[in-house]
Each structure stands twice: as C-alpha cells, then as structure tokens.
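Presented below are the structures under discussion, each in the form of structure tokens.
Below are two complexes that have chain A in common, paired first with chain B and then with chain C.
== the complex of A and B ==
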C-alpha cells in the first residue's frame, strides 16, 4: 500500500507530478488552483528529484514554456483555472499541431469573463471541442476525488507520451479545494537524458553529427501537406476514441433512468441515485471519466438495455448534454439539470429534477 | 594563363571560403537584398566554429524568419508569435547544459512578445536572443512595427507614423539593457563586410557567454533593411537605414559582462 495522506485535491495533484517523474512544472497563480504551484515551491522538488518549478509571467508564457520543454522530450505540466486556461488556448493549439505530450489541469471556476472563484463545469465545450483554433482534440480526464487528482497525473503522462498529445485533467473548484484521504503512488524515476534521446527520437535534444535535424513545428505552407497532417491527427483521435474510453456505472443494471455526470457532479448524482431509489425510482449513474473520448457506445448500450431517459447533470447551462443527445440519437429522452455560475447543486435538487424532467415532465 | 581551367582552380588548397554545413541547401525565402540571410549565416557559422552543433537548440519566431528552421541545419522549435523567449526558457530550464537561442523580428520580439522578452531578460535566462530590427512587418506585407520610425510610411501608416496617434518607436534593446538579468546587450548591422564581421564577433561573444555559463541573457540586435517593405532598391534601403535608422538605433555595445557601457 502506498503512503496515505490527507490532502487537498490541488496538493495531491502537485505531489503526484513530483512522484510521476515530471521534469518541470511551469505555472501562474490563479484561484482556485494556486495551491499547485505553492505546494511545489514549498516542497523543493528540485532537491527531491531534480524537477524544475518556475512561476511564469503569465499563463501564456507558462504554456509556451511547456511547449518548449515538451518539444525537447521532457515530462512537463502546467495548471490553471478557467480565465487562465483561456489564455493557454493559443499554446495548446500549437501543442496539438506539433503533437507534443504534456499534462495540464483546469480547476474550473464559474464564468464567463472573470466570473467567480466558486466551482463550475462550464468549460466542457472548451475542453472537449478544441478550445483553440484548428481541428484538434486532447484527452480529457475528469477526476471525482482527491485520489483521482493524484492518479490522473500519472495516467495523464502515460497517455500523453503514448499518443503525443496534451492530456487535460478537468477538475473543478470542489475537487481542487476539498481534502480527502489519498493513497499516493510510489516515486517514479525521472528519465535520464540518454533515455529521453533513445525513447523520443522526435525531440529537439541537439542534432548529432551526420543525423537529420529535428523540427518541432505546426506550420506547413503547403496546404496539401497540411491536409495530410490533419488526416494523420484525425486518425490518431479515432484511435484514442476506440481505445481510451473510461467511465463507471452505478446501479445501471435495472435502470429506467440514468444520470450522466462527471467530476463533483458525479459525486452529487451518486447520492441522488440513493435518494431516488428510496422512493422506488430505478435510476443509475453513468460517471464519465474520459470526456474525450466520450463513452458513446456505452450510452447506446444503455439505450439497448431499455433506459427511457438520460439526465445530464453538470454545473453549467448545458454543455455535456449535447454529447449525450448525439449518443442517444433520439432513442430516449435527454434533458439537462445543473446550477451554474459558481453554485453547486444539492443531491436533493438533482433528485427532484429527475422526477420533474424525466418522470413527471 | 589562358590554359588554366576551372578544374585547376577548384582544389582544396585554394579554398578560402565555404558555406557552413549548418545552413541547409534550401533556397532562402527572403527577398534578395534582405539582411536575414546574412544574419542566419553568421549565426550558424558561429555555432559551427564554436563546435556547438550537437548541443544547440534554436527557436524560430513568427514573421519573415518563421521558416528559419528550414535553413538552419540544427534542432529547431518554431514558437507561436512573440513566445520564443518563453519557449526557449522551457527548453533551457530542462536542458541546462544545452545552448538555446531565439531568432526574432521586431514585431515578434517588441510588440506581441514584449512581456515574454522582458521577463526572460529579467529572470536572467541563460539564453541568446538574436533580434532583427527592420522597422516593419515584412511577412504580412509591410505594416507598421513597434520600431517603425516617426514619419516612416508603412501599409498601416500610409501617411507616415504619426507619433501623436500611433505612439513612439520602441527602443527595446536599451530597455532590456537596464534589466539585471541581461549580461551582454549590443546593437549591430550586416549591411557592409565590416559590419558583418563586427556582428559575427558580437554573436560569437553571445554564444560564448552561454557556453561559459555566464549569468543572464545575451541579446544581439541587428538593425537590418527591408527593401521590399520599405519599397526601395536594396542599395537605397541600406543607405536609408544608415541615414535614418542608425541615428535612432545607434550601433555598438550597450552592456558588456553585465555592466552598462553606454
């Protein structure tokens, strides 16, 4: 068993970055995720593992430091919250175009604009539909516990390097700020420079004499080549969609209705399942772990099983619900419930919404 | 003499100059008469002569030199517009023993990337910044740059740069020289053989500083012409540069070994 600790979600993520053998973290403070860089600075990972921690002058600079370091084959991470993640979108588009591996976290707060510092899930579209310019995807993992805040950093680096893609840990102010017991995985070694050169021949580590130079770029002025590159990216996203779907089912065996939720909304909806079941309502929960790729096939299987209605529960005005609708494709009722703008819905509100929107409606 | 053929001349012992192998054979995308080609060449010559080929990672900007990685035969990363100093910071921090440099134009370095430039310089990143200042946005077709001179015409200042409404040209090199994180700051040109030799010497010093782990940024500005953007012949543009750019952007070292000399 790994080391047990009581930690905030943000702290668990920071500790996990050190333990996952990250080479660097570049960040900029913003509520509600400043604990990530505060923890790292206090922990002196440069003494523990040699990991670099740097406070950048902006989120824009931080993501570009990630771009540079990732392009040279190192394991790098950044994190921010909604307004800061908007600023990172330029860099993320370049990272997608150049196919660089990295992990970053968004501890989401209410928007739009400066919004609020309270929790929200209103950055779903930005996270799974691209965010920056161009046709691209990133792997999006949604932790629902402090444990997963830690575990998904390790998983994130595995997936990032497997596919040369950005992996987003899409958290929210609840998961980032709350304290829970977490079992920390053991320290993994950082790769040596020689290991990096061997494992990642695409990385800019200095051109050995007589070898081809490596170029990290997202530019090609020849549109036919750029179209080919885009086809390559789309093929990669398809492969990810086939192989990396992650979800959990609760009480869905006999379910007539299913809550679809992720992150803290999934924790709340789990309680709502209990409340509804006490009233004799056969409801289950599909908890999304990966938002891209989306568990379309699983939702279709639930339709096959005879589920009559899906209620998307999210702290937004209704974003993920659109992907549920696409997956259900008219075969069952789909609706949305959620408080937003920094308000967290209660299990009772969610249960009531089920009765009103799915059953009574 | 009439019986000497070309093949008699092409002999290793007669070789007085050759193209550095750190320039690719790709045809330069720069306009004939532009200073970029020379600035590329002397940068690559310095890297080759210092034996740093295997240890150097370059960062290309957005602008005319966006394709620098096509011409520089070393490992290169192409950065988003203005972000090159942040990208270079990322590389240098995780590969502290490598030589990292950026190659940027005036729009990239002194307008959209001002924050990245100033903060990389202020943190004292151990990198080289090569800054080509031609007072105009060449790549996008001759728009006003942060370094466009007062009264100077561009496609977005067609009646000349009006200081009242368009602001003043930014002397960013003098500005970064004031920061404690810069170690070597100089302004050069590449319009004459003598200027090229001096500029190359400055670039060599910049790379030597980084090789020798001197504290801070080595920053080399090269004032250059843009005959296409300025709508002049190459010769006229170089004369215009000497007459108009040099008084505003005076040549020479500004900071040497961490000490202001001007």
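== the complex of A and C ==
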C-alpha cells in the first residue's frame, strides 16, 4: 500500500507527475488549477528527481515547450484551465500532427471567453472533437476523484507513449479544488538519455553516424504523403477506440433509465441514483472514464438490455449528449440535464430532472 | 455512518482549516472523507464555506445542498444555510453578530459563543477550535486524539507548540456549548 494523504485534486496531479517520472512540467497559472504549478514549485522536484518545472511566459509558450521536450522523447506535462487551454490548441494540433506523446490537464471553468472561475464541463466539444485544426483525436480521461487525478497522470503517460498521442486529463473546478484521501503510487524512475534513445527510435536524441536523420514535423507539402500520414493517424485512432474504452457502471443490472455522466457530474449523479432508488425508480449510472474513446458499445449493450431512456448529465448546455444520441441511434429516449456557466447542479436537481424529462415527459 | 457537514462564515475565521482538521481526523478514523471549499474571490471579510463529508462508505457527491449539520458563523451564512439542514439535523451557530436568530422548529439548534470564549482566552485565532470543540461535544465520533493528530498533520512544524492551546480551546468549546432549540 502506498502513502495515504489528504490532498486537493490539483496537488495530487502535480505530485503524480513527479512520481510518474516526468522530465518536465511547463505551465502558466490560472484559477482553478494554479495549485498544480504552486505545488510543483514548492516541492522542488528538480531536487527530488531532476524534473524541470518552469513557469512559461504564456500558455502558448508552455505548449510549445511541451512540443520541443516531447520531440526529444522526454515525459512532459502541462496544465491550464479553459481560457488557457484554448490558447494551447495550435500547439496541440501540431503535437497531433507530429505524433508526440504528452499529458496535459484542463481543470475546466465556466465560459465562453474569460467566463467565470467556477466549475464547468463545457469544454467537452473542444476536448473530443478536435479543438485545434485538422483531423485529429487525443485520448481524453475524466477523473471523478482526487485518487483518479493522481492515477490518470501515470496512466496518461503510459497511453501517451504507447500511441504517441496527447492525453488530456479533463477535470473541473470541483475535482481540482476538493480534497480527498489519496493513495499515492511509488516513485518511478525518470528514463536516462540512453534508455530514451533505445526505447523511442523516433525521438530527436542527436544523429549518430550511419543513422537516418530524425525529423519532428507536422508539415509535408506533398499532399499524397500527407493523405497517407492522415490515414496512418486515423488507423491509430481506430486502434485506440477498440482498445482503450474505459467506463464504470453503477446499479445498471435492472435499470430502466441510465444517467450518463463523467467527472464531478458522475459523482453527483451517483447520489441522484440513490435518491431515485429510494422512490422505487430503477435508474443506474454509466460513468464515462474515457471520453475519447467513447463507450458506444456499452451504451448499445444497455439498449439491448432494455434501457428505456438515457439522461446525459453534464455542466454544459448539452455537448456529450450528442455522442449519447449517436450511440443510442433512436433506440431509446435521450435527453440532457445540466446547470452551466459555473453553477454546479445538486443531486436533488438531477433526480428531479430524471422524473420530469425521462419518466414524466 | 455518513455525516454531511457545512461550515460557513467569514473568510479569515478559519472555516476552511476547521474543515481540513475534520477531514484529517476522519482519515485517522479510517473513514472516507471529502472537503469541498467554495473557492474564488474569497478573502478576509468575505464569505467562505466548506462542505465536509465523513463516511464509512465510498462518498458519492462532494457537492450537496442538504446537510446533517450546519455550523454557521455569520448572518449571511445563516440566511443561506438555515434552510439547508435536514429535518432532525443540527444547526450550531455563534450568536455574535447574528441579528436574525434561526426560527426552525424541526431541527436541533445550539449556540456557542466562540468569539467571546476565544477573546476571554486571550487569542482570537483559536476561535475555530472553540467552535470545533462545540461540534465534537455534539458528535463524539470525532475524537480529540484524532483531532490532535489531524492538527499535527495540517500545521507546519513551527506551529506545533500551539497544539496544547488548541486543545484547551476545544475543551472550552465543549464546555460552553448550550442548547437553543431542541426537537422534543
């Protein structure tokens, strides 16, 4: 058993970066995720493991530092909140095009624009449908606890290097700011330069005599080559869609209705399940852990099982609900409930919405 | 057993740190805990609140609107959270600065003169520990031993010499709590 601590989600994520053997963190502070860089600066990981922590001059600079470090095969991370993540989109598109591994976190706040500093889940479209330009995907993991804020950093680096892809840890002000008990995994060693050379034949680690030049780029003016590269990317995303779907089911065995939710909304909906079950309503919860890939097959299996309606619960005007609709494909009722713009819905509001939108409606 | 608590008052009263000590003591007790602060533009003089959940089971929602216990330390919080106590639940408040006292008859209401007791002890900073003591009198599940361990965990080493003072403050809180309205 690892070390047990009481930590904020943001702090757990920062500590996990050190323990996952990250080589560098580049970031720029913004509420509600500033504790990530605050914790790292206070913890001085450069003394513990040699990990670099640097406050960049802007979010744009930070993501381009990630691009550079990732290109040389280093384990590198950044984090921000909604307006800052919007600024990073150009870099993320380049990272996708160049197939670089990295982990980044978005502790989402209400938008659009500078919006508010309170929690929101309105960055779903940006996270799973691109965000930057071009046909690309990134793996999106949605932690629902402080424990998962830590664990998904480790998992994130594993997946990032397995597929040479950006992994986004998508949380929000609730998960980032709350404190819970967390069991931290043991310190993993950082890779040496020799190990990086050996493990990652694509990384720019210096040209040795008699070897090919390694180039990290997203540019190819030969469109046929670029189409081929895009086919390769799409094949990779398909492989990820087949192998990396993650979810959790609560009380779905006999469910007539199912809440579909992720992150803090999944925690809230879990309480709503308890409230509704006390009234005799057979409702369950499908908690999405990976948002890309989306658990389409699991939703179809619930349709096969006879679920009559799905209520997507998210702190947005209705984004994830579109993917639920695509998966359900007309076989059951689908609706959305959520407060947004920085307001967090209560378990009672969600339960009431179930009665009104699914059962009564 | 699950205990869902809201602590609400002014920023600077030690609302968040009191919640943190409760959460630490829950961990020492081998319980599941969550600590969800209101965050943002809070500062000394503004309002601050924190939701603390202690449970023997996995905790679902860290965000709640109904509580077993509300610890209320200013009028704004009274206006906001008196109605949020579950029927049969507890409202504990410091009457100092309260102009509209609680009127509910379906909950147990207690007063603790936290500000006064702390002032009499000569250190207004231990206000939150007096309040915590009053709460511990009501809910003996939170034990002194664990609170002291929690204090050691949450306070920087240089403040450990103040732990006996905090212990005294808790004891004073336990002594000075008085019922205001009890459900018969």
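The rule is short, and it goes like this: the second predicted complex is superposed on the first by the 361 of 361 C-alpha atoms of A that agree within 3 Å, B and C clash if a C-alpha of one lies under 4 Å from a C-alpha of the other, contacts with A are read in each partner's own complex, and residues count from 1 in each chain.
Please note the rule applied: contacts are C-beta pairs under 8 Å (C-beta built on N, C-alpha and C of every residue); 3 or more make two chains touch, one makes a residue touch a chain.
Because the structure is predicted, anything quoted here is derived from the model rather than measured.
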| item | value |
| --- | --- |
| Touching partner for A:276 - first (chain B), second (chain C), both, neither | neither |
| Contacts of A:32 with chain B and chain C, given as first, second, both or neither | second |
| Touched partner set for A:358, first chain B, second chain C, both or neither | neither |
| Contacts of A:118 with chain B and chain C, given as first, second, both or neither | second |
| Residues of chain A touched, compared between chain B and chain C (which is higher) | B |
| Partner chain in contact with A:178 - chain B first, chain C second, else both or neither | second |
| Contacts of A:91 with chain B and chain C, given as first, second, both or neither | first |
| Touched partner set for A:348, first chain B, second chain C, both or neither | second |
| On chain A, the residue positions that both chain B and chain C contact, one per complex | none |
| Chain A - residues contacting chain B, complex | 23-24, 26, 52, 54, 56-58, 60-62, 64-72, 74, 76, 90-91, 94, 98, 193, 204-209, 213-219 |
| Of all residues in chain C, those that touch chain A in their complex | 20, 23-24, 27, 32-37, 39-41, 59-66, 153 |
| Chain A residues touching chain C - in the complex, by the definition given at the top | 4, 6, 31-32, 117-118, 173-174, 177-181, 264, 267-268, 270-272, 274, 344, 346-348 |
| Contact set on chain B toward chain A in their complex | 53-57, 59-60, 66-67, 69, 73-80, 83, 86-91, 93-95, 98, 115-116, 119 |
